[in-house]
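Each of the next two complexes has subunit A plus one more chain, namely subunit B in the first and subunit C in the second.
Now for the complex of A and B:
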């Protein structure tokens, strides 16, 4: 989006009443905890705004996106307008401080005042955040863009609000890559984290699988059959340029980026068996990690980049294993159920998501500690696969067949708030969440 | 995984179509040949089909033999496949048995602490009463915590890394994320009440390691080794302590700690990995002969391990 300007200095204030802790590493939130303390926040402003006299009320749309973003963050509880002693949408920007005392009486902890105005063909979105109990202004931002960019503008404002009040980055501006199968082709798409704005990423009328965002979000690694053999490609998401980085005869599949982006792990069917290898994303530097005639796939790096969780049938059935990047200390993590697969390490480092058939009737998503202990089931409806973490480790995206077709869903890391994102009557699967 | 298997299945089908195609070509050429030739070819085709079906039935997946135009050795390949599958099953059973054993060990640790608490016995640093498997605490635990293993733990107090709340030396403290230690506790006071379980202390340290908070992880594992030196996770904690130093490229410290694991717990499953990394650490320090010595010892002691293969590769490269 062009013309994004910061009009006020970022004022990150640590508010004792609002925050459990500041942005430092002192914050240690257990993502699987059922009871999550949410910050009560009032959203005021957003008087009706239309591009044309009979056009839709874009302020109402803004309100809807904003509330959805803030609620999904698991950080906020947005108060319903009826709860407030005034009509929140009537509050003009510049007058919002008047309502702080009445919000304080209701023990509301934060207020977001928003305004959407039309300037020629452009929209201007402005948001200001307050600590209600102290009556202090925390920060504000103004965004410019056309009506098509409204969703992006609102997502960015939501992420700023999360940052001002928690010190953590929100996920509202992130994207999700996924595969869609249609007749004989499987193409990769990108969409906003809430399922809107899906755009085609590949479009080669072939089979494209396993999209994985690079840690800087600029590249998408994936496997494609466009030249007949399942080869590994990198797609530059800024330029649209595609580069083939691994094309050994046979399988070049299931890529995973190291946290720093300096290594790619992948599976190659080379010299008998399908084994894990490490390589440089620029090509070359190929190093074998596992041996044997079995199949080892689905690598996922630990946040420190030193270990890789993966799926292997080296013990007779598919199970989750761990190996260090030197190829040392290989060990098995899962022991219950005949099929445990698709491990994905949380960016917070404390959990590994995986799928298992141990409950019977298809696959479910589970979490475990990095040593294989503390297994907990977080899905129950339908068969659920392909878990992938949001960059803040608070949410998971996954595939479920509960609606009849395979579709991409999101949920919070404790399994609550499950929401369907794709609704195109096709099979949508293999999602990955951008940084 | 299923997709992989599907793809491999597709490859298998492609290979299996070759003999059938050859058969069709031979059949068409037989039209201009004699009846005897025709019958002979028919027999050959029948034989080919039988072989192909036999291969399908035996789960033949490799291209060997088919691409070479001969089926000699097909039975052998199938038998090898069978043996490989059996080997994988056995490997799985060994993994599961080891897991059950380690689970039993963990449960014993927890039970002994609970029993000690219920019977009103103070739980002293030094861990549970179960002995015999581990060496003396002083041999295992680095003397990094002031007060040493004779000092009691405060009730309930833990730092972020799950470490029993002892004042830590400045050098051992992590970044600002470590909460200040709780109020000082009289020496010799026994630990009662909400004592962190060895498992929790270990897991918190392991999580710090996986997050890359190596200083905190080192602090956590050192305290685990100090306070629970007779629990079943001690060899693992010793390994992760060494590995945390290794990840920080603190090679002398990592060599010291890997060496403790190798010497004190020679039967730990992590010894081959520890030897390999000790060898690597020496090589990183430019100590070529020492590094090669450790790698050669690894190859000699654990010739069938993955780590021995990696050591062999390194030795060949560094010759």
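Now for the complex of A and C:
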């Protein structure tokens, strides 16, 4: 029975792959590889733990956050408890090595043993990771905090698990900044990468737009109308202090950080058009990058810091362009569709995400190579805008109106696993993913 | 006809003030006004400057300007992704120029707006281009540029909430606010 459960989803996937193969061979390969790539992992431990005798089972909550984090990472396939030949929640920390041989027989590659205990008013979360086939202990960590910090503790553990088993940094501890429009105000908020714990970042009752995390995650650049003109500010996320860094009369909008954080690109409406400029985040060293009476906005630096992709209407309609940071070799990347915009270079530099109206009926998110070739569409439902990459380049956050309001969603970089994060009946948009 | 239309508009916009500037409620009421106006071909002469001026408080630079002046300035409407002054807008601006010449002490703010389609950042720049087109037209008509301030709100402050052309056509506009 257990074996059947195991086989069934795989069989379905293979069937789907074969059917799709007649239409497109590429779909077949993608689907198959996705399954093969994930590391089968068993999560054991987490006997029920409550702060108060009739309180909620925090161990069950921990389990659910952990499984969600590990699955979303696209690195793991968490085995359902029913598939295991023992009751995983009965395993006590210290006894977990006993089940390694039985997991190995099932060809499970990794095991995470977790324990959540109450220590006075605090919770202690401990996790230990094993390589099942070798029977070796890879690492362990213990986290202390109150019940409010539980989500954060679990996200940290999930990121450690990703690191121990892949050597890459996970994204479970990252945050997402976004704008929420309500009546006549638009404020910026920060939330966990899974949509929980949203906190207000601005609160000046004016219009605040285009939040962009600095590469070290300490500063948030954004445009605010708090003093009447759309000026550019930096918010120090550690101290809460705000600094106005560009206040030219007119637009001071669409900031982008260079990969090292030493330059800010932005758009100013000095003179006739709206053009791209570079400046130091401290406020000086303003240098003009584009010319003309047209519009150049929404810059995005290449990971090597040498080039900037941006939106411009210099050819008559909004299209994606590229320019060297010296202002040379300006070239157009998109030609299909009447409106292509919001380019965002992936952290690895291999793709540029952007939006296009080429499919008709609003905007969809696409990926292309940095030379404009190899375009692939990754959204289809509703109208979708504002793509921004996760720091590991495995996911994108974006805005969609598919539910009736504008809301922030996440997905994997191939368009799979789309998940809505904001549900406040207001319009939520302009997301940016922290490092 | 003109008298009746204006009455409907004013009722709609007053309601929006009364309901705490609720954008949805105000615009639903406004839409009924817009429907009446639809019978008036090629001249969407919505005298929003007059009524909305009374409820706005605008901060420009360091100075806070409380807007109280009742003025008959006509808003200007644009085509999608365009900042070209249409022929109907030229009629409206012609009247605006006459009024501004008759009220030489009045300073105005031109707000640039865009409909919700396209990116927020691009629409800020588009709204900016629209207000510059309006300002240039007024200046060419003999109005001193020093009397005109401009600001773009892009798609962030829609006049009519809605997701089709019936709302969008009102949101692509140059809106006048009188500063005193």
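Here, the second predicted complex is superposed on the first by the 399 of 435 C-alpha atoms of A that agree within 3 Å, B and C clash if a C-alpha of one lies under 4 Å from a C-alpha of the other, contacts with A are read in each partner's own complex, and residues count from 1 in each chain.
As a working rule, a residue touches a chain if its C-beta (ideal position, glycine included) is under 8 Å from a C-beta of that chain, and two chains touch if they have at least 3 such contacts.
These numbers come from a predicted model, not from an experiment.
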{"item": "A:38 touches, of subunit B and subunit C: first, second, both or neither?", "value": "neither"}
{"item": "Most subunit A residues touched (candidates subunit B, subunit C)", "value": "B"}
{"item": "Which of subunit B and subunit C A:303 touches, first, second, both or neither", "value": "first"}
{"item": "Which superposed partner A:324 touches (first subunit B, second subunit C, both, neither)", "value": "first"}
{"item": "Partner chain(s) touched by A:134 [first = subunit B, second = subunit C, both, neither]", "value": "neither"}
{"item": "First (subunit B), second (subunit C), both or neither touched by A:420", "value": "neither"}
{"item": "Touching partner for A:227 - first (subunit B), second (subunit C), both, neither", "value": "second"}
{"item": "Partner chain in contact with A:270 - subunit B first, subunit C second, else both or neither", "value": "neither"}
{"item": "Partner chain(s) touched by A:253 [first = subunit B, second = subunit C, both, neither]", "value": "both"}
{"item": "Contacts of A:209 with subunit B and subunit C, given as first, second, both or neither", "value": "both"}
{"item": "Overlapping contact positions on subunit A, where the subunit C interface meets the subunit B interface", "value": "209, 230, 250-251, 253, 267, 269, 272, 274, 295, 297-298, 311, 313, 317-318, 341"}
{"item": "Of all residues in subunit A, those that touch subunit C in their complex", "value": "181, 183-184, 186, 207, 209-210, 227-230, 249-251, 253-254, 267, 269, 272-274, 295, 297-298, 311, 313, 317-318, 339, 341-342, 355, 385-386, 429-430"}
{"item": "Of all residues in subunit A, those that touch subunit B in their complex", "value": "24-26, 28, 209, 230, 250-251, 253, 267, 269, 272, 274, 291, 293-295, 297-298, 302-307, 311, 313-319, 324, 326-332, 335, 341, 345, 348-350, 369-371, 373"}
{"item": "Subunit B residues within the subunit A interface of the complex", "value": "1, 3-5, 7-8, 11, 62, 84-85, 88-89, 91-93, 95-96, 99, 160, 175-177, 179, 199, 203, 206-207, 209-214, 239, 243, 247, 269-270, 272-273, 276-277, 280, 306-307, 309-310"}
{"item": "Residues of subunit C defined as touching subunit A within the complex", "value": "20-23, 58-62, 81, 118-122, 124-126, 128-129, 132, 150-153, 156-157"}
